[in-house]
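Right after this note come the structures.
Both complexes below contain chain A, partnered by chain B and then by chain C.
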Partner chain A sequence: MMGRNRATLLVAAALMLGRTAAAAPPGVVVDDKPITDVQDIEDVGLAGLLNLDLEDQLGTTTAVSRTSESLLRAAATVSSIDSFEARLSGARTLPELLRFVPGVQVSRNAAGNHLVAVRGTAGITGNNLVVLLDGVPLNSPVDASVDWDLVPITPFDVERIEVVRGPVSSIYGANAYAGVVNIVTHDTVSGRHVVAVRGLGGGDSAGGTTGDAGFRFIHNRGWLKLKWLANATRDDVLQAGDGGASSPPRISVSSSGSLIATLRGQHTFALQGGVSGSRRSSLDQLVIESNPQERGLAFLSARYEASGLPGLFDTIAAWTRGRVLAIRTDDTQYRGFHYGDTDAAEGGAGLDLAFDIRKNLKATLGTEAILNGVDAPYIHPAENAKLRVGYGLYAGASYFPTDSLDLQLSVRGDRSPVMARLTPSFRLSAVYHAASWAVRAAAGSAFRSPSYVEAAGRFVSPSSGLILLEGSPDVAAPRNQALEIGATIAPLTTLRVSPTVYLSRLENTVAHDFEPLVRKTFVNDPAARLLLGAEIEGSWEAGDGLKLIPSASYIRFLRHDRGLVPTVGIPEQNATFIAGLRAHGTFLNERWGYGVRGMVASPRRYRVLAGIPPQILDRRVPTTGYVSGTVEHKVWLRMPFWLSLRVESHLPHDAVESPFPQAVSGGTSALIGLEYRTE
Partner chain B sequence: MSAVKKGAVLSWWLAAAVFVVTSMTSGRALAAPGDAAHSAAATRKAAVIARALAYEQTLRERVGASLVIGVTWDAGNAASVQEAKTWMAAYRALAAVKVDGMSMSAAEVPYSPALGEALTKQGVDVLIVCSGLSAAVQHIAAAAKERRILTVGTSRGDVDAALTMGVFESDDRLRIVINLPVAAGQRIKLSSRLLRLADALR
Partner chain C sequence: MNRRAPTAGVSRAANTAASASAAAIVLIASGLPGCADPLDAASATASQRNLCLDENATLFQALADECRRAWEHDLSCVGIVGFHGDLEGAPVMADSRFFGVRFVNVIRRDGSALRQQVRLDGRTPHFEFSVAFMGVGGLVADGELDRRTVLGGSAGDLEDDKVLASLRISTVAQSKDLGAREGFLLTRTQKEGEQSGRFDVKLGQARSIGAIEGCFIAFPTTVELIIEAGADDGS
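After this line comes the complex of A and B, so read on.
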């Protein structure tokens, strides 16, 4: 009896042991975690399960070299914001979305008037950056500045934004002085179509009303892709920083679209276009009176590309594009300079060739021609409404001596429409990469074309008849030469860190030269400025529920002339230290989504000459902060309707980011609305 | 030694022998065939499928309180039988893992002409179609479509032909292949997050 009991007991134990052995974790470990110990599968990254290495995870970019290449092996520092983060960020404008990219500093003068500086060199002119919408540049034909309110999309429409930092004129020509922002609009996979409609409304802490509406349609049949986007925004009363006056309300509407046909998988025809209009404050680096103004931009681009060609040629692309800008305002409201009655156009055509010379050697060659014309009352009569010609010639080579080492060289010569001479630029880089890390060293140069105002401006005071502004035809193109060392390290598939250190030498910085009540003109600062900077960005993805992206940047001018006040590269215009943290995620199979972002910027002091007649502006900006967030919920299980709450706050509320007394102060806006969105 | 004592010693030996034999046989019966690496690969694929299901936006619409993963195979094909056992073991190993808050269980559904009824009876939400069933793949797909069951093929040809998705190994990595027309026909919507990491068939 006792024996039978023992046997029964041991049989039971053995059965249990056998079952336990059968159900034991069979050794699948993802990021140091046995998969069988996971409670919710959403906590495990799909990339880790698929065993993707860092290069697979990061994907590709076209922003660094204008050809598709691995982001890990790209020749410059790139930060990328994807569609989930853009949508869940709470940001209503592209500059507010870019605020969290390390090395980017954003200031806001009025609703819709943002200035985006990259690596300390935007100052108050904001034309040191090339902005591309699906590959088409949208910089102003007047001064290459970026009117962010006329970029015809919102964060809602973004598939991906790539911010390339450092000099990239060897790829993009003039004004890619400090970097490039490449905006890729929302997309879908072949065989699908996407419809999205949204309407949100709310208010701000100054008692104003605010609202956004948008529409998106994408149809992808594989060989044929159609896109149509439309947006409208209204920001009513935003409180001015000094005196309590209200900034003019902002109303902007835009529409853009594209048609891309790929025939036989080899020949791609792309037609893109868009129009946008905005009525908002005129506040600018030269216009220090805040009155309503209307701006309109239209652009059109056509491109043909043949790819996968046999023989030496890999790709041949030919393109043409153009954009027109018009600015109107009531000139009786101004005592000083304004941009009213500006009509400007720029068009161009180019040819790009890519060669596969050997398996480990690729090359590119290209040329472009530019036509530019501006008709404006603030340009010298002898220079006004003239058609100007510019051109660019460029070449590049990528050599891969081993599987782990990439060497790249690109050179370019440009004569921009406003410049008399050909200006060279280059970039040389070496990237060593492994499965989970890469290090990069790069050296490059870039330049900014002088603007019409700097080179050919003339403004006569309507009241006194005095010439208050006179451009300098001899002003040389400011140049940026930089050295950079960066790395990307991924100790786990869910954890990534990208630190970068750079040293920039800024030459020919354009500075104001004036005495009060005497005409204002522009000169080059004879002394070079030295700028040291560091940036770090991390990423930690704990499944779908949480992705954390911390970032920080540091800038220090090692050498600069305090006696001259340049229009770009002013140490006082930069916060020395900026730190930010973004988090976003989705729950319950994406039925809930959230995003939270917060950042803090150290104090800065503007000491600038702005406006015509010029004024000395001396403003201390305290430690500022910015927070934004979104919560969205899919209301019905069977219908793709999302209830969305978006909140954005500039802190402290009485602080102003810009040097202008009329600039808007901080504040909080909150919007709630409904989105219909298919994927 | 007394007879009682001898009996006790014998019973211990007997019990020990039963223990060894039972533990070995019970383990063999439930464990997946093949070596540990093979089992680990199957478990990883099973986890990938479960992870992909977390990106299925119609999952809650078509699934009950828990998620039932059915495995179907050709009983007359030894390789197919072995494969089915591997999948069953892999999902048993993942028994504690939840998808969209739902518990997951595996069900054996040997292929037969009455597959549809068997799927309904067992409440299958996702069907893994083992190799050896290529000749029957259209029948399986039709039965699954009628019941809005997501099908997972273990043969690339079956996925190309009629099944919703598959997970295949290539250069130490796994690739997800999704047949979008089949998914659309089943009124199954997959998140763009999944599609970005997958090869989508038109």
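After this line comes the complex of A and C, so read on.
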């Protein structure tokens, strides 16, 4: 059987690319060493066999500059998770998938309710990231936080997730303070269509039941691409951390789709939309009671792009998009504040131009206008249900003085709908790359727009009529300025290592000035924070279809003021050290697939003021771990079904990794089910 | 990347569109800043008036007269207060009606009544407060007067010209007592059904220090009588 596999690998490798066919055995040379034995081929892997250099192996990304570019030459640190790994990860939610990205710290509050922090910007607000679904931002129009349960896809639907770490506001505007998560949904090649249906059910260690169901349809006719995804998830009652209480069950349904038409190979029209609804725990920075809360998100985006233009212009893109968010809850269940009766919308339109000025000089220019409005009981009466205008202007240039050196500069000015003034941001990078290695130096400055809550919130006690917390329009935008040096080295064609070191200065962090009784509000913390971090990620194709991905990250705050309690950048809220190992692969002619992941995070402590009226949450989070995995087996029941067993465990079972008293503790869940898919 | 060679017409159209887009970006860039209004979300504190300024004396008097009529009619207004200053490091400005006023009078053996305590309960947009003046002194029947007393000291060293004062501020879940450290109370009127005056006081200790000055007129919702031994309260 093994001999047959090797022969298959040889034939497949030879047929897959023309360049390989031309140089197919005999006479294949990799790393100046002739291939003489089948074992050699397995040792060098497919990439080595095909003589792909590092740039080809890494592929491309759109996450850093919003245009397709080589991942090796990208101006920021990017980690990517592909569809194969996502499917076999055992993760049922996107945040659980992101746990293994170095520099990312994930805390689970409740089923479907996670906090994702990047590079030390921990905290309990979760609005320091821009999250894009096929290029469309899904951050909340109220406070730019990310409700991961409303992102209308699951790890099953992921083509790849790219996580850009570091300040990139000069590309994405306000809130790309700590990074960007770019989610690209499943795709297929021209001339193919994909249908996938899955259903899984199981239980958890707290005695609850759980289940996932999903549907995916993709039709690619080359010039026309249709995509439709639908998902439903239910998690039963999970055990809450304190006092044996239980967290509300989670029910989540979503559907999204897109239609992309490309005419004459040059003109692309894309229409994309989605709707998602979730009933889950209300735990939040300002809502520290865990009651069921219904949330709904709908978005729509239209984009036209003309590419490959002659002359100075390379591409022109015009786009418009909008999203609406609604939150409802039973207000009789709360003693304190809740987000019920919130309706919010954000829309925008923009123009992007890309120029080919010279062979070694490219430039971009763009602008966007934003309309935003929030109708909620906790917004200042003068600003409630009022449409506000924001705008952004941006430009960038890429210069290639030699074949091996890329220099990039991007600058941007934004005035978000709630900001008082135009706020600049920039990113500058230099990448030197060779066939098997690259080094990158980058400097960036990014900011986060104050949220509606921070700038124009007014939380009034329904019983006393007193203002419990008031936003301040004078709050300045928090800023993240970072320097980083990174490298990608491939000492072997099957082995790749990407270390990064960075230094971040966090200024104007927004603090909850909850101490004075006479007026509780938000202020900028005058003390800047300085943190040093290091990340490393490896990738080793170990043969027999096995791929190993180790990763680790380290954070150390060099300067920190312990006075006010800011929303981000608190050493105690960060695990100093997080390490993980992922492995996935196939065997027996790909009839079996498997993925195993394990990670550990060092202890940390939350001591934060939260809730309205505020209270101090003080929780020590011990060393925590997370293990997940999937085994799937292809079975033929007249059609190609995959029998799948998925296990996910948060360890230790009695530990709570979130600051909230009613957050869920660890536990294990297991699901088994069938998936039908046509590819 | 394979690019299909565009036709001349497409090329011209594309370049025209691109040039128009570039012009649009410039136009939008110059026009958008004008559309963006500053945020109109001033603190509720900013909507409060300083009733104690000389320029607002007429306003204060009008509000006081209106409140007195309402108190006489149905107790729907029991007093007004204005104060401003700094508490716990935050600026405060209050322009408020009291919701509770309590006088404590001492009936002496000769039948005269001394005002012993005045307690004023009110509310600002952000907190509720309770001001207590103890050992106010002076006859209830004094009527119009301008009596200046010193605020501060402790319960043990009460003197005729010294008034013990405290401010208690509270929100839904928290409260804090701030004792008067130094200052003065200028009593303007002191009648059976009225007390008015101005105050200027430093409060609190350590981190809770603050200073406020203000003016008030109060009509009682409760009058408590303390009968000296041998005195007749007249009831």
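Of note:
The definition used in the following text is that the second predicted complex is superposed on the first by the 626 of 679 C-alpha atoms of A that agree within 3 Å, B and C clash if a C-alpha of one lies under 4 Å from a C-alpha of the other, contacts with A are read in each partner's own complex, and residues count from 1 in each chain.
FYI, a residue touches a chain if its C-beta (ideal position, glycine included) is under 8 Å from a C-beta of that chain, and two chains touch if they have at least 3 such contacts.
In this text the structure is predicted, and so the values were computed from the model without any measurement.
Contacts of A:Asp56 after superposition on the shared chain: chain B is touched, whereas chain C is not. Legend: residue contacts after superposition of the two complexes on their common chain; A:Pro613 is shown touching chain C, with no touch to chain B.
When both complexes are overlaid on chain A, the residue A:Phe84 reaches chain B alone and has no touch with chain C. By the touch criterion defined above, A:Leu588 lies against chain B but remains apart from chain C after alignment on the C-alpha atoms of chain A.
When both complexes are overlaid on chain A, the residue A:Asp544 reaches chain B alone and has no touch with chain C. Contacts of A:Gly222 after superposition on the shared chain: chain B is touched, whereas chain C is not. Within chain A, no residue touches chain B in one complex and chain C in the other. By the touch criterion given at the top, residues 7-8, 10-12, 14-16, 18-20, 22-27, 29-32, 36, 39-40, 42-44, 47-48, 50-57, 59-61, 89-90, 92-101, 172-176, 180-181, 184, 189, 191-197, 200, 202 of chain B touch chain A in their complex.
Put simply, chain A touches chain B in their complex at residues 2-4, 6-7, 9-11, 13-15, 17-19, 21-28, 30, 35-42, 44, 46-47, 49-53, 56, 83-84, 188-192, 222, 544, 588-590, 637-638, 679.
Residues 264-266, 306-313, 316, 318, 351, 353, 365-367, 369, 380, 382-383, 388-391, 393, 415, 417-418, 420, 422, 455-456, 458, 461, 463-468, 470-473, 515-521, 613-615 of chain A touch chain C in their complex. Considering their complex, residues 1-4, 6, 10-11, 14-15, 17-18, 21-22, 24-25, 28-29, 32-33, 35-45, 87-90, 92, 123-128, 169-176 of chain C touch chain A.
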